[in-house]
Structures are given as structure tokens and as C-alpha cells.
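Order of writing sets the chain letters: A, B, C, D and E. Residues in each chain are counted from 1.
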Amino acid sequence: MSPFWLVTAVLALAGAAYVLGRARVLSAAAGDHRALHSLPAHYGWAAVQLTLGPALLLYLLLLLAGQAGPLAAAAALALALAALVWALRRNTPDFRARNAVERGMMAVLILASTIAIATTAGIVLSMLFETRHFFSLYDWREFFFSATWAPQFQGRSQLGILPLLWGTLYISLIALAFAVPVGLFAAIYMSEYAGRRMRAVVKPALEILAGIPTIVYGLFALITVGPLLRDWLAQPLGLGNSASSVMTAGLVMGIMLIPFVSSLSDDIISQVPQSLRDGAFALGATRSETIRQVILPAALPGIVGAVLLAASRAIGETMIVVLGAGAAARLSLNPFEAMTTITVKIVSQLTGDNDFAAPETLVAFALGLTLFLVTLGLNVAALAIVRRYREQYE
Amino acid sequence: ARDQVQVAGSSTVLPYATIVAEIFGESAGFPTPVVESGGSSAGLKKFCEGVGENTVDIANASRRIKDSEIEACAAAGVTDIIEVQFGYDGIVFASDIGGNAFAFTPADWYKALAAQVIVDGKLVANPATSWDQVNPELPAQPIMAFIPGTKHGTREVFDLNVIERGCKDSGAEEALAALVGDDAAKTCTTLRTDGRAVEIDGDYTETLSRIDSNKEGIGVFGLSFYENNASKLQVATMNGVTPSTETIASGEYPVSRPLFFYVKKAHIGVIPGLKDYAELFVSDEIAGAGGPLAEYGLVPDPELAKAQAVVADETTLD
Amino acid sequence: MYDMRMPKPLAAAAACKVSARGVQVYYGATHALRDVDIDIADRAVTAFIGPSGCGKSTFLRCLNRMNDTIPGCRVLGDIRLDGEDIHDPRVDPVQLRARVGMVFQKPNPFPKSIYDNVAYGPRIHGLAPTRADLDVVVERSLRRAALWNDVKDRLHESGTGLSGGQQQRLCIARAIATSPEVLLMDEPCSALDPIATAQIEELIHELADQFSVVIVTHSMQQASRVSQHTAFFHLGELVEYGDTETVFTNPVDPRTENYITGRIG
Amino acid sequence: MSMTPVTAGAGSLFARDPRTARRRAAEARFRAYGMGAVLVGVAALLLLLSSVLSSGLGAFRQTQIHIPVMLAESALDPSGTRDPAAMRKVTTIGYGKVIDAALKDAIAQAGIALPLTDAEIAAMVSKEAPAQLRNKVLAEPALVGGTVQVSLLANGRIDGYLKGRVTMDSAQLDRNVTPQQLLLADEMVARGMMSRDFNPGFLTAPDASDLRPEAAGLGVAILGSAYMMLIVLGLALPLGVASSIYLEEFAPKNRWTDLIEVNIANLAAVPSIVFGVLGLAIFINFAGLPQSAPIVGGLVLTLMTLPTIIIATRAALKAVPPSIRDAALGVGASRMQAVFHHVLPLAAPGILTGAIIGLAQALGETAPLLLIGMVAFVREFPSAPPEGFFDPAPALPAQIYNWTQRADPAFVERAWGAIIVLLGFLLVMNAAAILLRRRFERRW
Amino acid sequence: MYDMRMPKPLAAAAACKVSARGVQVYYGATHALRDVDIDIADRAVTAFIGPSGCGKSTFLRCLNRMNDTIPGCRVLGDIRLDGEDIHDPRVDPVQLRARVGMVFQKPNPFPKSIYDNVAYGPRIHGLAPTRADLDVVVERSLRRAALWNDVKDRLHESGTGLSGGQQQRLCIARAIATSPEVLLMDEPCSALDPIATAQIEELIHELADQFSVVIVTHSMQQASRVSQHTAFFHLGELVEYGDTETVFTNPVDPRTENYITGRIG
């Protein structure tokens, strides 16, 4: 059955179940809504759920078992029809349709949240296997403690994660040091100072920054920002003459991250009840005092979430780093030197020319898994901070 | 059923493959094949994923398939692989059109880029900062080389045919062997990381932009890329030879690598047009001298007939 | 008309702290307050009474320009604190509000600890330079607001975890901690039991020794107990204003009488 | 004055004591920071947009050659039946010859006398031109035998000359174009045989190979991106909101849900290419979905976007005051009803922001697409959805990535042009969300 | 002890609607309510009185399981509605709350239109199938809550733009629109003027004809005016419970007397 017909059939069945389920209970109650346990619509939805739920489940199971085809569709259809009949019989006025519908919705909600878990599991598993393979080919001590990253085609590679880890942290830190203040202040300005009109323009405008393809940022870093920083900062300060640098990539990435902080924080700040602002104003607090001492603490969880999201993007970014900071792995404190990140190397080792079963390629998975664990640590810390300092209103 | 050929693999081969695919779709009566680019390794990995409609038919590669990969392929049921070598990718050294002209030897590159060199019998960090220090005949221009990153197959060729060769030619290898023993080869190909050798993990357009913003840089390019941008770049000679399709095909110019594509024999006859596409690819009108591929910059394989035979007979690797 | 609402003796007897002339308030297109003229005496308690929705809170919020924060709310007319126009562009509403404190009708403690709630005002105004000073101010304010005994053991728990009446007293404590010259209290005892109410009334008496207190209340008894002057609002108008005793015993306007005797609401 | 030791502000409202002055200054500074932050953001945006526009607008105009072409029956329909099936036998090579001849004639007719070889003249038109003509003739076989006035794409280098990218100096060095050709172009422009026109093909045509940059278009990529975004929007938003609702409103608060919360936040930090690895393993190798298909791209991007939407949604849900929930529960609403009727609408602005940002990211992402074959050369248009979800099609960012790697400089302009299209796409997609968000924004 | 608080005559006189035994409430580690036993009569008004912070709201929220939503709040003991244990796992709290309505101490209108605020309950319970029915229910509820005249011209403006007292009446209208069998009202008249208060008391009287009403109040007068039974809470304990008249005129516990006469708070 083609996808189109499948979708149509499912929709038709659902429609029929809704109409019939509703009509059936209304006739049983002789049209008296008050005699029903739940709203008529609930009875309709209950019928829809019972009709579609098991049938879709069956179809999915059959698909997974490799039984796609007309037979599976027919089986699912038969089950749906049987379920429809059952659902209609179940729809008596004292049937707790709302509870049934809500149980169904809850199941859907739980299912949805399992997807996030399943994704995590999938990612960890898909990396774990190859990582084990990698460590069977390459000494883990070398990987974790070596300060040299130098893959070679002829073997003899040195695959130490330290310079990459350092580059990742350094670049992300600079990016956040730029994006968080700018984004947060922009959010504060938009939600607390700017007029409605200005906010309505500025907020979506800043959001475009999140949608500009990263290659544009990369080229911007390469062509404009890099040489600028080199000629005006790095060389006068005697910090080297590299156009690609941690600073270049960090700043440009910071620009990209502005809307992550500004838009999400703006929403959360706007959600803080006005009565809290009033309370502070009435004590003679200035707007900035109100914001800093009352609103921001109340909006903390959302703001931390926004910052984490920005940090995540910074850690996961490739193009800007490649073009802005270069591809050379290096351990250095000088922000005007070229460095690179774990993510860049994951991408390049995965899309490179090495033998796909060689440690030079497999190292990507070990890098990915390590990065996963590192960011997990950061997130645990962030959660702890939120727990500690959150101020729950009302 | 899938009705178009699916190709994956090397980004170096990609332009050639798309030229062929375009012509194939226009005139052969089959849909235009889909050509993915994701790198030789990723392409071969997909190729070796198994046999069936949802696996690719052809993998392009800018290097030969490795034995370990063949084994992995076999483990997944991909056994009959047809290997087709259809030409060469020339690798050239070029700098900004407005700057100095260069005539290199591999030894110059070795001396300029090695991390450590022997000075007065001791191994020290490479002190060279400008080209005339490694070879008085070169211009006094600071050393700034944009070389392929370690993900690129070009880097392997560069390491082997330029750096290692230069290490040997300059006599450094022997001296190193005496000094560090078995590590000599490794010391030869370890490049400096003080910012004078900049690795490019992106593509040639990135190298070009870097030269644009740093006019003293010298970059490594594919021949076809250079030829399309000859108005911005000037090419350096290597051992006195100017790179061109002719000098590379004849072997005079030393730096090049062969290009391949691999066909899944099990798919021939299942996926319509698969064999026709492969045949068109290696036909004289397309891949021969004067054909569209050569026009774009491919160095035609002097032994193209061999490739045609391989395709015609569906000769598999053993 | 004017004379009637604004008896001469009042202005003469006490210094006038706040004076309003021709105050109009609009919420969007609704005309919520019409042409209010009033002089609020210094060192005295003024009560605002009137049926629910008549504009008492609205007028109260005019006096410290809290209406500025309501989108769509427009305030016209002239309001003076110690003779200075509070709408003058040179006036910083922040400074105004530091001098004119407010207790809101709906308790709105900050989601901070009880201590921090009370300490907030003194902190921002720099009234208590040291931690010890601050402790003193906080304790004194909580005591005066009759909350100390309830919360002395949980000063560092959140102010939002208090009962309704406790929150109300917390807001009173927070407002008096900065010792404003004018204290606007919007139904400060609505959630309080009689004893607590008596304690707050006691506090109001005390405050009125030095400051000017305005209190909105629905309880005539309370108004007559605590206030020296009473203003009666009705449907957005200031109907009558005068000595509390006069207003309650001998009102000029029939509507006042009707309200006091429970005939209109 | 006051006898109380502590009192805030005294004296005239118009006078400033030092402390108030300090606080006012701090306030002004704070406000200025805010203003500055907004300006920094807007300035960066304008800078980026102006560079994108200035580099990319040229791609929307393309040089065309206008000449009469004699469609000889002998060359194009040897059978003489005007049967398209039979006429299909004539390949583009045949049409190429016809065009070459026509161009030569036209130049001679116009009286242009320049020392040009036949090859140089033939190279004035795009290699795509024969296909253009062939399609035209096959669509209308009756044209054969007559002479038609056609507009054909000019070669990319000639187009570059008209756009200023190619100069006489550069042509001297360029292997692909000669100064003579440029002179010819000048003459043709002067005679109205060549002009630069709006190029709808840029938006509708499929990609083209490196030999014909002038013919490359975004048609397939736009469809591919649209299909993927449909899938992402249809899956990520409901899934993200649903799981946030569960986790924030219903899930018991314990270590297990803490773990889940941390995990989701952590998923956002997983490099996007890893999602490609996952997608390849699950959707293509395990589930057997086709390569290079929007369905796989959409699913992978959905997984990638989910954390963004979940984080934003959870933050927005958390920020809804509990009194609203109490009010709903108090009148006998179920928790589900309280959430869907009251909490969700109040959280909607934050949710929509998450969607805007998440979709923007999904729309512009390349790395995961590399591994599932979406960075590909595809010339066949996918069919209409839902079947089309399973047909190969690249996505806009993949196309941009691809074009930036091409050797011919003409592709650079097209890559920037494609970025403009991508941003336009983004704006269209966001407009609805932004309007919706404004409707839901309220303070209480 | 038990006898004292639970006079026999009460249980005999009126059917018991809600009965609670040994109810304990903890907020985290704080023991907010200790061992409360009470029987609430059907078709009658029961008043809860006691000083601020003594646990009245807490106990009220136990009766319709609103405490379930407060993190860290634990309720122990047995509470029965019509003899059925409300903590029984088979009990759907939603159904419970549909039968046991509530007016919160702090008015909390939905940020929706006034109409939608009142219509919400009837809508979700399917009490008014057609729009016309709904209009009738909304108008009737607003009238009974004495709010109709204030808002009849602005039914589609936001409920949060009302004055404090108006919001309170809106919440009452919202609660009665679903005709609950038991109505819990936490200080429903705290922000109301005397007339509005009288109207609400009138409403309570009316409701008590069919339903059971529990009202928390700080006004002894109000308690004695509207209620048949009165419970006095103090420091988390139910000190005395009985006929309103008895409690007010002849309390058993000295604390009750002290409170009523204004000596403890």
C-alpha cells in the first residue's frame, strides 16, 4: 500500500470512529449531555484511540518483523474494524471516556519522551561498539593522555584527545563569553525596556542569526574577522600572526549564538508575573535592580537552559571552527593561535579518505563518546546550579 | 524498485561523476544517477554496507580500496566488486597570481615544513622562516603553506611524493636514520605545527580564500581546480616540470594519484542503467583525452582501454 | 461642589503631604477615575472607602506612579508630593517610590527568603550598611508587622510558602522596612484575623506620628478606628472627603450615607 | 524631618542625593548595555545580510543569447514523422550542432567580424543549451522545419564577464575563455543579441555539473528542503512538546527523571554529524529506508531538533505560575485539561521560539546529511508527497555546501544566491510562527 | 477530648457530607496540621475560623486534594466524601474536584476573558451543550456572585484587568458555575465592600439549601451570620468544633474564648 493511501485510510477510519462514537453515546443518552460521564467529544476520541491504537501498533510490529505488504495492511485494517465495533459498544453514558482518552494521551506523551531516551541510547550504542573497536586497535592511555594529535595515512598516528578537548573548551568559552552577555542583555532590553513595536521587530530579526547557514559565518570569519583580529590585535600585541584563531572562531560563533540566549531568555523573562515587578518598583527599586535581583533569579531555569543550548551549539559547531580557527590541533593558551575542536575532527575523520576500518577513522567514535561524557558532566553541573539557586514564584 | 543508479564517495571524483551522470541522464534514456559526496571512506563504507536496493551501486574513491575494507565488504555480503581506475588527479602547488613565481623540488618542501631538521648533527626545531633559507634560488618570501588536512587523501600523496621524497632527496633520511634509527621515516613526515604549515580540512575553495586573505601563502590544489582558477593562481613547477594533463599522464610531473570507482556486480542487471553508466564513464568520448572530463581537468588514464575491458567483462577483484 | 468635598479646616489643621487636582485615569478607553481632587494630610491616616471596583486601588497607584507600569493606563491631572509635581519630567519615579511606599491588595512576596524580602528595600537604598544593621531592620519590621513570632524560626525559607495572611504581613513588613514618608496600604488587613488586624492598626497609628498613611479598607469600623480623614469613592468619582467623624456621622452626599448605612454597594 | 534613623530618600523630588545619582547612573549603564547588546546583534545581522545579498543577488540574473535557430528536419527528425518517441533518438549532440551553426550564422548576419575559431563561437553558449532546445522541440514537434527565435543560456565565463567577474586581463590567463570571446560578447550585447535577464531557472532548474554552472538551479533542493521541513515540523514540534509536557507536568520528580532531563540537555550538545551516524545506522541500514531521501533527512533532523524544542518548551512550562494550574484544577479540570487549556497557551511563546530556533538549525544543517546521502547531485525532481518523501532530493544547505566546493568560480555566486533563497525560505517558515507567537504573548 | 470537639447532636441533626479523621499535613518537615477530626454537614454552612497561619487553608485544600499539587506536601489520615475515601486509589481527583469546588484565598482568574473564566467549568463538564445554555450559565453565575452589573459590558475583556474585589467575585462565579456539591471558600469576602459581602453571604445561604458550603473567614460576625457550624483552628490543631452559636456564646476550650474575645491571635 502506498503511503498516500495508507494515510488516507487511517484518516478516514479515524473520522468514522469519531463521528460514530459520539453519535452512539448521544443516542444512548437520548441527547442529554448531562447524563454522560464525559463530554461527547471524549467519547468520539475514545473510539478513535481504540480503533487506531492497536491497529497501528500491530502494523508497526509487522513492519518491524519484515512483514510489510498488503497482508500486514489487511490484518491491521481488520483489527481496526473489530476495535471500532468494540469501541462503539463500550461507549455507554457511564463509560469514563475522558479518563480513557487521557490515558491514551498519557501513553502518547510517555512514548514521545521515550524517543528522546531512545535517541540517547541509540547514539551511545552506535558509538560504543565502534569505540570498543577503536580501543582494540589503539591504546586508550595514548588517546586520553597524549598531547599530540597527528593522524597519518601510513599508520604511526598519534591520536591524543587533549589538544582537541582544550580547543573545544577554549573556543566554546570565548563564544559564550560573547554570546551570553550580549544575548542576555538583548533579552532584557527587549522584554523590559523596549516597546512592543521594537521588540516585535528586533526579536525575529535576531533569530535570523540562528538561521544563517554556518558556512556564511565561516567565510565571514575567514575573510573579514580573522585578518581584522590579526592586524589590529594579534600582531600589535605580539601574539602571533595567524589569521585563523580561537578568538576569531569564538567571536563569530558568539554572534551566531546570540539568538539562542536572547530569544529564549526573553520569553522566560516575559513570563515572570508582573506582580513581582510591581513589588520591587513599589519599594523604589530601579528597573535594573528589579531585573537583576528579582526577575533574573525567578527566570533562572529558563536562562540556564538557554545558555546550555547555546553552549551545546558551540560545542557541536564545525564550519565556523574549520574556517575561523583552522584544523590544526594544538595546546596553547594564546587565543590568537589556530586550534581546533573535537567536533571538527569527528567530522573530518568520518568524511575523510582513510580506510573506514582504520583507527584514524574509528577515532571519531571515541571522540564522540568522550565528548558525550564531558557534556554530560557539564549538564549535571548546570542542573545542580539551577536546583540550588532557583526561585520558584507563587 | 529503485530506477536510478546511486553513487557515493569521494569529493575529488564527484565533479567527474556528475559530468558523466548529467550526460548519461540527457542522452541514455535512463534517469540521471544520484551522486553523493561524503568522502572516499564514507562512500566505501556505504558501499560495503550490503547488497540490495537501499545500498549504493557505485563507490567513488580517490584511493584504492584497502584489504581491510574488502574484508568488511565480504562480511556484509558484498563480494563481487569491480574496480575501475579511470584517470589521475594531479596535485599542484600554486600561489597568488600577483606574487612571486616558484620552482620547487620536493627537498625544498621537506626542508621548509619538517618539524625537526638536522642542524650541525643535532635534531632541532625547524628554524627556516622564509623560502630562500631552504633554497637560495627561491624568493625571500615567508614560509606559509596551506596543505591538505589529515582527512584528505591528497595529504597521503603529499606526504609520500613530496615530503618523504624530499627527505630522501636531500639526504636527510640517511642522516636521520643514523640519528634516530627506526623513527627516521616518522620524523621525516612529521610537519611543523608552529603555524607555517596550515592544515586545511575544508576543500580547495577554502585554500583559495586563505591565499586571498594571505597573499604570501602557497597552497596545494587539484589540477582541475587550478585550471578553473588560473586567473587567480600561478602554479609552481616541481623538479622543473609544469603540471598539466600531459606531463602528469606521461609521469614527468611527480605528484598525482589515481582515481577509481567501484561497482557492485550484484546490482548489474538489477538496477537499470548501472552498467551503461559505468561504460559511458570510461568511454573514450568521455574519459579520453579531449573529452569533457579532461576538459574539466582529469588526467586521462593512458590505459583507459584496460578500464573499458574491466567494465565490459565485469571483472571483479579477487 | 468643590468646597463641599474639600473642607477648609482639613487643609489648615494638618500640613498637606500629597495633593491631587483633576486626576483622571483611563484604562484604554475606560474612564476609571474622574476628576479627583484631594489633599492628603501629613502625619495622619487617610482612609479610602467605597464599593469594590470604584477606583480606590487605581487612585492609590497614581500616588506613587505605579500605574506607569500598566500598559494602556493613562493618568492625567496634577499630583504633588510636598508641593512638587510627581509627573514632572525631572522626577525619577524610583525616588518617588522610595518616599511613597506601597502594600498591594494581593500579597506579592518575592520568591526569595523571608529575610531577603524584608531586607530588599533597605539594601537597595543603602539604609543598613552592615549585616548587623540589616538584621536589626528586618527584625524590627517583622515585629512591627506582627509576623516575627510566626517566622522567626524560618527566616531563610521562601516567602511564597507562607499562608495568605502571613504573606500580607510580610508585604507590610517589606514596605515599612524602608520607612517611606507616605505609606499606601491597599486593604492591608483583608486576610488577617482580628488580633493581627489590631496589631497592624496599632502600627498604622504609630506610623502616623511621623508619616502620612493612606489605607484602603472595606471595613467602616476600621476606617473610623484608624483614620483621621476619609475619602469616599463611588463609580470612579471622589464623592466625599473630610474628617472621618464628619464623613461617618454627618455625610454631605446622600451616596455616602447610603454606602455607610449599607444601602449601596 | 524624620526621627527614624533609617529612611529612604528625602528632600526634594527634583534633587538627587549622591546615592540616587549613583543608582541612576547604574540604571542608565544597564540600559545602555541592553541597547548596546541589541545594536551589536542587529549590526552583525545587517553586516552578514548585506554581504550575503551583495555576493548572491547576481545569481538571480543570467546572461542569455537571443538568436534565430533553423530547425532542420534532416537533423532533428530524420524519420519525418514528428513522433516524439522517434525524435528522442536525436541526442543533445545533434542539437548542439544545430545551435553552433545557428550562432555562426547569426554572428555573420550581424556583421561582426572578429578573428574567432568555430570552437570559440560554439563555446559562447552553455553546454546546457542543446538540452534546452531539445526539450523545447520535443515539447512542440511542429516547430521542426521552421526557424524559431530562441534565448539560450550563455557560457558561465561570458556571464561572468557581463557581471564583472571575468575581465580581459583574467581572460588572458584563463584557459576556459579567450579575450576574443569577450569582444564578441561586447558586440552581441551592443546588437541586442545578448542580455542579462532574470533567471527563473535558478529557482526551478535542477543542479548541473561543473561544466555548466550557468544552468545550475535550486529546484530540486528547494523541494527537498521543503519536504524535510514538513517532516521535521510535523514530527519534532508535536514530539518535543509532548515529551516536555510529560516530563514537566506529569513525570514524578525523581532521580530517574533527573537523568532524563540531563540526557535531553546533553543530546543538544551531540555534534550534528553524530545524528547522521545514528540515522545511517537506524533508518537506512536497519529500517531499510532509501538513501538520499527527504524522509531519512527529515527523521534525522527531527532527532537533532528535538532537544532544542524540549529545552525551550520545558523552560516555558516551568515559568507558568502554579496558581494557574490550581485555578483549573479547582474547577474540576483534569491535569491534562489544565495543561492543554491553560498552561500550554501561556507557554506558547517559548515553545514557538524553540520551534523557530530548532527549525532554523534544521534548515541550515549539513553535516548529518553528509552521511545519509543528502549531499548529492540529483537532477530528477521528486514526486509529490507522501511518495516524494522517499525519492532522492538534496537539501538547500547541502546544495550550498556542494556549490562552495566546486572549482568553477561561477558557483561561488550561486552558492551565495542559494543562501539568499535559504534565508527567504527561513523567513517564510518563521513568519507564521512569529505571528502566532505575538498573539500568545501576554503579561499577567 | 473527642467528644468535646464532635458534639453528638450535630452529627444527628444534619447528614454528614464530608468526614475527616486523623488528618495530618506536613510541608516538608513542618507539621502544619495535627490530627484533625471533623464531620462537615450537608446542606449547611460550616465556618473555619482561627488566627492567620493556623492551617485553615491547608485543611480546606485537603478536602478536594488540592494539596496533591504542592511539592513536598504530605497529607495523612482519612477523609471521606459521602462515606467514600477520597484518597482511595480508585478515586479520580478530577471527579472529586468537580464535586468539591473551591474559591482560593488569593484570587486567581485565568488570563482569559471574563466570559471564558466562568464558562470554563461548564464547558469541560459538559453542563451547557449549546452556546445559548452557556450564556445563561455564565450570566446566572455572575449575577449570583454580584458581579454582573460590573462586567456585563466587558464580558470579553481579560479577567486579570479587574479590580481586586471584582477578581474575587469572578472566582466565586467561576466556582459556582459548575454547581459543586461542596463549595470550599477561602475568605471569599476579604476584598469586598459590605454590600457585596452581603450579596455573597446571601449566595452562600442559597447554596446551603442544596449543598454543603465551607467558608474560611476572619470575621466572627460573618461566621455567626452565615454558618451553622464553626470550627476553630489554632496552631495547626482543630481546637473546637460545634454549633456556631455554641462556639461563639459558650465555647468549651479556653483558647476559643480567648480568640473570640480578641485575646489571642
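As a convention for this text, contacts are C-beta pairs under 8 Å (C-beta built on N, C-alpha and C of every residue); 3 or more make two chains touch, one makes a residue touch a chain.
This structure is a prediction, so every number in the text was calculated from the model and none was measured.
Trainee: Which chains does subunit B share as contact partners with subunit C?
Mentor: A, D
Trainee: Taking each chain's centre as the mean of its C-alpha atoms, which one lies nearest the mean of all protein C-alpha atoms here?
Mentor: Nearest to the common C-alpha centre lies chain A.
Trainee: Please tell me whether A-D or D-E has the greater number of C-beta pairs in contact.
Mentor: Contact tally favours A-D.
Trainee: What whole-number Å value describes the gap between the mean CA coordinates of subunit D and subunit E?
Mentor: 59
Trainee: So the centre of each chain is just the mean of its C-alpha atoms; given that, what is the distance between subunit A and subunit E in Å?
Mentor: About 45 Å, centre to centre.
Trainee: As a quick test, compute the distance in whole Å between the mean CA positions of subunit A and subunit B.
Mentor: 37
Trainee: Taking the mean of the CA coordinates per chain, how far is subunit A from subunit C in Å?
Mentor: Result: the chain centres lie 49 Å from each other.
Trainee: At which residue positions does subunit D touch at least two other chains?
Mentor: Counting only residues that touch two or more other chains, subunit D contributes 8-9, 23-24, 27, 322-323, 334, 346, 370-371, 404, 443-444.
Trainee: If you look at subunit B, which of its residues touch at least two other chains?
Mentor: Where subunit B meets two or more other chains at a single residue, that happens at 38-39, 42.
Trainee: Pull out every residue in subunit A that's touching 2 or more other chains.
Mentor: Touching at least two other chains: 98, 274, 284, 286, 289, 350-351, 392-394.
Trainee: Taking all chains into account, which pairs touch?
Mentor: Chains touch in the following pairs: A-B, A-C, A-D, A-E, B-D, C-D, C-E, D-E.
Trainee: Which stretch or stretches of subunit E touch subunit D in the complex?
Mentor: Touching subunit D from subunit E are residues 64, 66, 69, 71, 93-95, 97-99, 101-104, 106, 108-111, 120-121, 124-125, 160, 171, 174-175, 177-178, 180.
Trainee: Where on subunit A is subunit B touching in the complex?
Mentor: Touching subunit B from subunit A are residues 150-154, 156, 219, 222-223, 226-227, 240-244, 322-323, 326-328, 330, 337-338, 340, 344, 348-358, 360-361.
Trainee: Which part of subunit D faces subunit E closely enough to touch in the complex?
Mentor: Interface residues on the subunit D side: 253, 322-335, 337, 341-342, 346, 442, 444.
Trainee: Over in the complex, which subunit E residues touch subunit C? Could you list them?
Mentor: Against subunit C, subunit E makes touches at 27, 30, 49-53, 57-58, 105-107, 146, 150, 154, 161-166, 169, 186-187, 190-199, 218, 220, 259, 262-265.
Trainee: For a test of understanding, state which residues of subunit E touch subunit A in their complex under the given definition.
Mentor: Subunit E residues touching subunit A: 92, 94, 124-127, 129.
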